[in-house]
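Input: a single structure, listed below in structure tokens.
Going by the order they are written in, the chains are A, B, C and D; count residues from 1 in each one.
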Amino acid sequence: MAAPHDVHDAGRLAAPTTPDPDLVEVLTDLFADYRDTRPTPTAVVDLDRELWQRLEDLGMTRLTGSESSGGSGGGWVDAAALLGLAAAAAAPVPLAEHDVLGGWLLEAAGLPNDGGLRTVCRPDPSGVALNVTWARDASRVVALWEDRDEWRVADVPADRIGIEERRNLAGEPSDTVEFDVDDLEAGMLVPHEIGEQFHLRGALARSAQVVGAMERIVEIVLTHVRERHQFGRPIGRFQAVQHLVADIASETALARAATDAAVARAAASDWQDPGMLFAVGVAKSCVGHAASVVVRGSHQVLGAIGTTLEHELHTLTKPILARRSEYGSLHDWDESLTTLAASAGHDRLWTLVTTGRAKPFHDHRSHAP
Amino acid sequence: MAAPHDVHDAGRLAAPTTPDPDLVEVLTDLFADYRDTRPTPTAVVDLDRELWQRLEDLGMTRLTGSESSGGSGGGWVDAAALLGLAAAAAAPVPLAEHDVLGGWLLEAAGLPNDGGLRTVCRPDPSGVALNVTWARDASRVVALWEDRDEWRVADVPADRIGIEERRNLAGEPSDTVEFDVDDLEAGMLVPHEIGEQFHLRGALARSAQVVGAMERIVEIVLTHVRERHQFGRPIGRFQAVQHLVADIASETALARAATDAAVARAAASDWQDPGMLFAVGVAKSCVGHAASVVVRGSHQVLGAIGTTLEHELHTLTKPILARRSEYGSLHDWDESLTTLAASAGHDRLWTLVTTGRAKPFHDHRSHAP
Amino acid sequence: MSARLVPPGARELPALTELRLEVRAFLAEQVAAGAFVPHVDTWLTRWDRDFTRELGRRGWLGMVIPTRYGGQGRTYLERFVVTEELLVVGAPVAAHWVAERQIGPSLLRYGTEEQKQAYLPGISRGEVVFGIGMSEPDSGSDLASVRTRAERVEGGWRLTGTKVWTSGAHEADAFFALARSAPLDPEHRHAGLTQFIVDLRAPGVTIRPIVSMGGDHHFNEVHLEAVFIPDDRVLGEVGEGWAQVTSELAYERSGPERVLSTFQLLAAAAQAMDDGRLPLDPGLGRHVARVAALHHMSFAVSAALEKHEEADTAAAVVKVLGTTEEGDIADYVDTLNATGWALDEELDTLLHAAILQRPGFTLRGGTNEILRGVIARGLGLR
Amino acid sequence: MSARLVPPGARELPALTELRLEVRAFLAEQVAAGAFVPHVDTWLTRWDRDFTRELGRRGWLGMVIPTRYGGQGRTYLERFVVTEELLVVGAPVAAHWVAERQIGPSLLRYGTEEQKQAYLPGISRGEVVFGIGMSEPDSGSDLASVRTRAERVEGGWRLTGTKVWTSGAHEADAFFALARSAPLDPEHRHAGLTQFIVDLRAPGVTIRPIVSMGGDHHFNEVHLEAVFIPDDRVLGEVGEGWAQVTSELAYERSGPERVLSTFQLLAAAAQAMDDGRLPLDPGLGRHVARVAALHHMSFAVSAALEKHEEADTAAAVVKVLGTTEEGDIADYVDTLNATGWALDEELDTLLHAAILQRPGFTLRGGTNEILRGVIARGLGLR
């Protein structure tokens, strides 16, 4: 990917937002190598500690951590690229949980980070958290806890939590975690905004992962329709197949545009832009609807072979669906956007679209007819 | 259309429901003749009194009226066929308003019917009714009025109502009507069920009209893709066009199946079957969603020529959209069905699908999470 | 009125509803007794020979097979309602599915008297389990490209080749294999194919699992290495395999299993909305309406088949709309479901299974792209 | 990361936002003053020469035309934000649309110095109004099949033929006509075409209205009967018409008018939901999200064009997704709107206009079927 370059006086009008090209090159090589050497897909997906170690050696597992806390000081643009490339390789590593969410929470709370593998969750008032990805593999679990309107972050060692092992649609660990409420109460107080931001950061991290996986699917689909012959010609010559492929690629591109815009806004404002809720919602909505088209279309184009365990396709389509329902369902996000749009109303809808801001947020239920 | 015929012992298992073949033949000829001789389409559509007279001479304007009241004693199966065939010819005549709804209300109220052209509406408490189709052309307007939980039917002469002339999307008269509340209060008391039934009968009549228009569109589309050449061959040879046409025809067929099932249930039970709400909802929902596919797809297949005033297509697509929003929007009906389905729940959803009945109706808002 | 793509509908009469309620009551008892756990796509994924035999005992198998062959001698309409009831409750019906839907009718139409006597009574009792061998590696939707070779030998034929996507072959007794009994003539690609009845325990047969993306084993690859097929196990006419295979497609494509594979999920979603575990959303009503309309349409096709009316195009319409809908239900519920929000074991289990099975819905039995072509042909466009 | 179908996005910086807000403030004043009533699809249906001239006075026309030809010498990005602001508010921009979008850039690229001097200043002032003559009866999406004949005569050419779907021809001063200047060679169907600048008041030109399904007159049929075109009104090279016409497609296809034609309806629907006149429904959020994402994507294509990067495939993606979305908005609001329930004049007016204009969205400028083929070609499939 080329570095930003400006022609004319366009540079003062618009700023391209692209990740560090060196980083992208290193990661592209690493994941290409991983993809070439990994074992045949299985229905159950476990943490790849060897891959995790390689990423750690490159500073990738602490990419977004401040350098003072032992991180690489990377921003969200680079982090989103990392998440996307890892997802495209279906790499079973908790980059989002450990660094982008967990590492950030620890820093926000002023807690030390020893670099040991972490995951994150939001336990309920009884101390239980559902669907905690990679919990069984973590040395500590970072818990964000809301307790009588106060928000706390606790970094709880694995030996102090109870784990009921479960798996998500993708076959990944997605465990039920039970904390001792005392451990949560002993957490560090954090500002109220951290609670909201956690949800947004989680949603955007998931969007970046899903888009990365969809882009890999586009490649798989293109290769397939060129190589696979039916009725005496490559199936990519059939107009119906071309249209399916065009739709898959177009929806992926739209999801990419929405995600990149939210990432750029997050990076430019360090998440302080009040339009982040809208920007993340746009990404989550477009990514979620694109997922329906891409998952359905890619399986349809690939046919029966794409439904087998040994094929790469499901290592992407299953995580796509598993992740789109995390940090808010597609329906939840569309409802949030509806609330924002209705509240903006006729005269400020366009302002909302371009800046993410309009009138103050209010509960839409009071407006139900 | 062939008369019902049974093979094996299937006759005791299932009853085909088809309209009187003689009636269908007469009407097919009449509307074919009408279509051949009518003027070029215009943006504004007015009542065709000559066609109305021809229909009256055949007893078609009082098809469903009881013979004792001067009607032809036809049932809903025949009425639905008449509505569909008239809609397929884009015939500007108020068959639904005058006979199927207005005539029925008069009979239900025990009011005399002089056969003069009527339309129907449900005025609000102040005596105003919006979007009353053909009001300006009616000699009397049949009003169904809810007044402090009592339902009344009044047959108000044209010279006692105020009319603000408006037109609907199809260019048809769709006027605002203002009654003298005294005239409404002087109406005949009718049972409460008449109020609910009016909505259902209106919705099903609209469904029958829309399906009839969609079936004509399928014919137009098929003719077009056979005759129109591009890139050296009929466009119907292109796979993308074939798929568009297949989708148009399939959605139309599904809408037809849903509408016929509701009509058959109405005819078999004289609207007394408690499953009518569900059956009509299924028809209205399937017809409404089919309308999106058929209107969009047919205009896409026909291209620019299909958007011109002189072309037949818009005489069908505009009324389809005008009618699908009458007697409840598509969203309203989907919500009603949702309420029924949620209330049926896991164990009785299939009973609901097959019989239209499950647990008693209740307001879904109390169940909002 | 325009020529109809789908036959006119018909109303179910009490005699039929009585049968429906009888089956429903039996199934409710079975669920209550824990005999099976309702699931999605059970006609592919839930195999239970005991349950199948119990259906046979109750007269709900071999329904359209004449009584002289051990069947029930009843109508397609009666089979239709029994099938619907079994599917909506998510009963384990995979063991008899292929035999009941395709093998029985094919044997009745093309089988010799000896073949009918040999297989139909066992099928009707749910004791003889069949698979079907059509697809091959790389054949996809282009069935005429099958390469399994049938070589004429003394007293019969020797089959060599590989069939794929044979569901349940590892549990079945026999399967129908389509093979090339004469060299491919590029001008007449559909000529020279023959159907054979192959004993899956015969020497030369090797069965290997094809594991699905969820980790389940339903499909198999069946290798035939010079498997001897005696002359009396040729089905129908030599060289007429293509016509035989395609003649039964309306029966295969319009059945309720093309609509109801995810009905248990839809029912669970309705319950979850009522309980407040899923948001109330008008999409539920839209999907229920489509399922109801498809129920009417599928019934109408059955009524036409009962009267021996041509219904190939109508069957393709049911399959395209129905399989799309049963898949859309899975995606719809998935868009409502917020992971981590609450644990709803039943809904999650059904949803995940539906998502994993969904890709197959619009592929098996002819892809929806192929079938929309069939509809276009029915409309006179090709 | 895979090769991207669409160029990477870019963030709007304050210098651009300032221009945006300047335009927005002017338009808000105009609406408040009743200078125009916001509407849908105004780049086709709302013609106002005064308004167009006012834009010219303010420097918001001819934005990418160099100052030496009377233009503003600004960037595609600046033109982009001005265009967006004009479209979202539903301003009457039809009079200058074709000249501003296509004619200006084409003249700049292919015109002679004399042609540029003759037309560009007037275009930049909003005083010279242009149409475009590409389609012909029966040509549809197959532009190479045009039959308008250009015959070589002393000092120029004589054009004979019929152009259709020329928007605004009855109000325009001139149009670009694509004509066949050499006989059709079936092996090279795209050769032998030439672009001409035709004075619509010249002898031999007859303009007849094509009335649209809603009863409006925007389109025309333009008959050319041996219309004389002097040599200095040939655009570019004789025989190069096809290359010239297709080289500008990215500019035509990726603009905000392929996304925002129904924005006023979406805004009215948002207001109606807030007021309780329409039911609150998550579909609103879904549509707003798509419009927002398309805004980013369309901007990204503009940024690429500014840098002279190739963007034909990306432009096709914007047009397919954008025109589908602007039409889907019309259908979506229609499914929520209950006729007879309440009178909402503004919403009804916008909704009906949007429904009537919708069929054109996915046809004009290349049908979506053709464009999905363009995308497939961009992906290497043809």
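Throughout what follows, contacts are C-beta pairs under 8 Å (C-beta built on N, C-alpha and C of every residue); 3 or more make two chains touch, one makes a residue touch a chain.
What you are looking at is a predicted structure, and each value in this text was computed from that prediction instead of being measured.
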Exercise for review: Averaged over CA atoms, how far is the centre of chain A from the centre of chain D? Could you give it in whole Å?
Suggested key: 37
Revision key, fill the gap. Separation of the C-alpha centres, chain B versus chain D, in whole Å, is 39
Revision key, fill the gap. The positions of chain B in contact with two or more other chains are 238-240, 243, 331, 335
Practice item. Send over the residues of chain C in touch with two or more other chains. Key: 279, 281-282, 369, 372
Point to revise | Arrangement of touching chains [line / ring / star / complete / other] | key: other
**Study point:** Touching chain combinations (by label order)
**Key:** A-B, A-C, A-D, B-C, B-D
Revision key, fill the gap. Chain D partner, complex, touching residues on chain A are 1, 5, 7-10, 12-18, 24, 28, 81, 84-85, 88, 212, 215-216, 218-219, 222, 225-226, 236-237, 239, 242-243, 245-247, 249-258, 260-261, 264-265, 268, 278, 281-282, 285-286, 289, 331, 333-347, 349-350, 352-354, 364, 367-369
Review point. How about chain A: which of its residues touch chain C in the complex?
Key: 42-44, 129-132, 168-169, 171, 174, 176, 228-231, 238, 240-241, 288, 292, 295-296, 299-300, 303-304, 306-311, 313-314, 318, 321-322, 324-326, 328-332, 335
Study note, to complete from the structure: In the complex, chain C touches chain A at residues 135, 138, 140-142, 145, 164-165, 210-215, 279, 281, 327, 331, 334-343, 352, 355-356, 358-360, 362-364, 367-369, 372
Revision key, fill the gap. Given the complex, residues on chain B that touch chain A span 238-240, 243, 365
Practice item. Under the touch definition given earlier, write down the residues of chain D that touch chain A in their complex. Key: 1-2, 4-6, 8-13, 15-16, 20, 75, 77-78, 88-89, 263, 266-268, 270-271, 273-274, 276-277, 279-286, 288-297, 299-300, 303, 306-308, 314, 317, 320-321, 369, 372-373, 375-376, 379-382
